[in-house]
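Next up: the structures, one after another.
Next, two complexes with subunit A in common: one pairs it with subunit B, the other with subunit C.
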Partner chain A sequence: MMAFYFSRLVEIYPFFLKGLLMTSKIAFISLISCTLIGFVLGIARSSNNLILKRVVGVYVAFVRGTPFVVQIFIIFFILPEWGLQLEAFPAALLAMAIMGSAFICEIVAGGINSIPKGQWEAATSSGLTLIQQLRLVIVPQAMKVILPPLVGQYVLLIKDTSVVSVIGVMELTRVGWVTVVRIPEGLMVFSLVGVLYFSISYPLILLSNYLERRMAVQ
Partner chain B sequence: MIEFKNVNKWFGKLHVLNNINLKISKGEVLVICGPSGSGKSTLIRCINRLEKIQDGEIIVNSSLVHKKSSNLTQLRGEIGFVFQQFHLYPHMTVLQNIMLAPVNVKKISKKEAEKISMKKLDQVGLTGKSGAYPAQLSGGQQQRVAIARGLAMSPEIMLFDEPTSALDPEMIGEVLDVMVNLVSEGMTMCVVTHEMGFAKKVADRVLFMDEGMIVETGTPDEFFDSPKTDRAAEFISKILTH
Partner chain C sequence: MLDDFNFRVIMEYLPQFLIGLRSTFLISIVSIALALATGIIACACRISGIKIIKYPAIAYIEIIRSTPLLVQIYFLYFGLPTLGLRIPEIQTGIIALMLNSGAYIAEIIRAGINSVDEGQLEAGISSGLNYVQRMRFIILPQALGVTIPPLLGQNIVLVKDSALLSLISVMELTRCGQTMTSERFMPAEAFFTVAFFYMCIYFCLKAMADWSQRKLIFREAY
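Right, the complex of A and B next:
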């Protein structure tokens, strides 16, 4: 029986590849958008502007304090009631961007706050603008602190893409669900799903470990 | 060139600058001393608005530094600031440290900036160190690079906030020598320091602060040899015997 199912599985592997492709697509777009938004928010969160700091703080607290599934439901099922109707795919991307950017914001803010005040003062008194201070002096130094946990966060985000299966996006986990209906070998099907996730995240785990060691040495 | 008019500043309840009135003219060398917490560092940090004041006016080269709306980017380029802890950029080489502001603030070409920077590096006696990172230098060398970094913008004013306080004794001399050379070039300088030898040698005026107020001013000889106030006399006896 097992062998029979295995051959069925081999038959439908293009379906899995499609799922893997979709997962990769969501992950790739999300990592980029989360990083960009996360850096902007993180810089705002570490700024001296109290209002900006508070607003971003509330955003981060809300996002971190609610389950991702609930956030997706709100975006996919509640927003349409307020007139914002999104297809499953863009809704998934939006949800990922909101959730991931909040976590990256905290990592970035932590990195920036770790830079001694004197670096800001030296840059300020030499006449650099705020943007130049960040770009040339602060962020390059903060990257050493930011990079290892950032890559770790990427791994978490890649795995979190599985949650968007709940709104019907045909990514890897969804493919697993659909497949297991036709091939009732749950262990086999979801092992395959797991292995495919692992194949994307493991290189990043290695990268994170490597960065952590390298940054620790410096 | 630099003028303080009735300047007041508070850190919470602490009255850190108490009704400061002060004029510093072009080419003058002013030494500011006083016990820690007397407001002397705060005073010079106000000149390029590293600290904001709550009351009064500060005018530097006709720029109204106290005004929120004033854009200080250009003015800051004209004022060099040297910190007690150097604050070199650790991720850049010595040359990159010095070139950063000329290239990005003055927008001069990298080639030109490199030429100027090498000249300034030569002026502080560190020609061979252009490719080194700050962490590879001694404290005295780092501070000299910091001075070169300030000079690379061709400032009209140099501010020094306890430039030798974080240095081992044997390195103080090399930094002071560089500063004495600057004086001979006619640089306007405000120096927060307890280096009496330096003050006596080059200062035009010594300003003694305590509890946010300017308690006494005078020529170095007047101040160190025959202070007018008890507070200053007590302070001088302390730095002499330390």
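Right, the complex of A and C next:
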């Protein structure tokens, strides 16, 4: 029986690759959007504007305080009630962007706050505008603090894409879930899913470890 | 947007939510305790020089850290019955959470131990302390202060992760929201209530983690 199921699994292997492609697509789009939004929010969070800081703080607390599944359910089930119909795929991307940007925001804010005040003052007295101060002086230095946890967060985000399977996006976990109904060999099917996830996230884990070591030396 | 928010139904379902909350609580506490034990054992194997236990520990930690929790849950949920092990969903869920958090906790503890200065270890060796004594009197007391804040952070993650158990129909907080949605079709009320309860847990745990961060981090007196 084992061998039979194994040959079936080999037969439908392309289906898994399609799932992997979908996972990579979601991960890629959401990582980019999370990074962009996260940086903007992080800069806002570390600014001196109290209102801005508080608003971003509330957003971050709400996102970090609730499980990602609950957030997906809120987005997928409640937005239609308010007249905003979303397909599963854009809903998944939206949920990922909201969740990931809050985490990246905290990392960026931590990095920017780690820069001594003197750097800001020096940049101001050199006559740089706020954008220039951030782009030329603050962010390049903060990058050393930001980069290792950022890559670590990327790994977490890639793994969190598995949760969007609950709203029916046909990505890797969903493919495994659908397959296991027909091929009742849970260990085999989900080992395969695990191996495919491993192949994308492990290189990133190694990169994160490498960055951590390298940045620590400097 | 929320003008037709129905509090009456929430009140009606409140007892169920409280049962769910208690269930989330119990699952989290049991899983945290088991994960801590797993993490300590895995970390001890990982940092020991004995190859036959070191490499399995490394494999365990890396495999868990590079696959999603949901896949691990499904792996156990669909996989254990094929091995002839039929256990209730809630136990499957606790095992999954234990294995998942255990790997992260092992890494947290290892980072804490590595944070202790090499010179301390050398001083211990030259004072004639053996391995156990060095661990007991020199490394662990210093590592503990660095380890506890991230451990509390891991607890927060674990409580949120326990929401995934709702997908294998464990009756906990998120599952209550799902039941209410399917029975009354009121997803807004259901999931905002669920989110509210999770926020309450989050803020309690966060306050604890922040407090320990201020109190416990070992500060060198330069």
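Heads up, the rule we're going with is that the second predicted complex is superposed on the first by the 218 of 218 C-alpha atoms of A that agree within 3 Å, B and C clash if a C-alpha of one lies under 4 Å from a C-alpha of the other, contacts with A are read in each partner's own complex, and residues count from 1 in each chain.
What we mean here is this: a contact is a pair of C-beta atoms (placed from the backbone, for glycine too) under 8 Å apart; a residue touches a chain by one contact, two chains touch by 3 or more.
Since we're looking at a predicted model, the values are computed, not measured.
Because the two structures share subunit A, they can be overlaid on it, and in that overlay subunit B and subunit C fit beside each other without clashing. Once the two complexes are laid over each other on the shared chain, residue contacts for A:Val163 go to subunit C alone; subunit B is not touched.
With both structures placed on the common chain, the touch criterion links A:Glu81 to subunit C but leaves subunit B unconnected. Of the two partner chains placed around the shared chain by superposition, subunit B is the only one that A:Gln119 touches, whereas subunit C remains out of contact.
An angle of 100 degrees, to the nearest 10, separates subunit B from subunit C at the C-alpha centre of subunit A in the overlay. By the touch criterion stated above, A:Gln141 is placed in contact with subunit B alone, subunit C being left untouched. By the document's definition of touching, of the two partners only subunit C reaches A:Val189; subunit B does not. Comparing subunit B with subunit C, the partner in contact with more residues of subunit A is C.
When the two structures are aligned on the shared chain, A:Phe73 is found in touch with subunit C, with no touch to subunit B.
Superposing the two structures on chain A brings subunit B to within 19 Å of subunit C, judged by their nearest Cα atoms. When the two complexes are laid over each other on chain A, subunit A has no residue in contact with both subunit B and subunit C. Those residues of subunit A whose C-beta lies close enough to touch subunit C in the complex are 61-62, 64-71, 73-74, 77-78, 81-82, 155, 159-163, 165-166, 173, 176-177, 180, 184-187, 189-191, 193-194, 197-198, 201-202, 205. Interface residues of subunit C facing subunit A in the complex, by the touch rule stated above, are 1, 62-63, 65-72, 74-75, 77-83, 160-164, 166-167, 174, 177-178, 181, 187-188, 191-192, 194-195, 198-199, 202-203, 206. Looking at the complex, you find that subunit B touches subunit A at residues 48, 50, 73-77, 79, 81, 83, 85, 87-91, 100-101, 104-105, 149-150, 153.
Across the interface of their complex, subunit B is touched by residues 116, 118-119, 121-129, 132, 136-137, 140-141 of subunit A.
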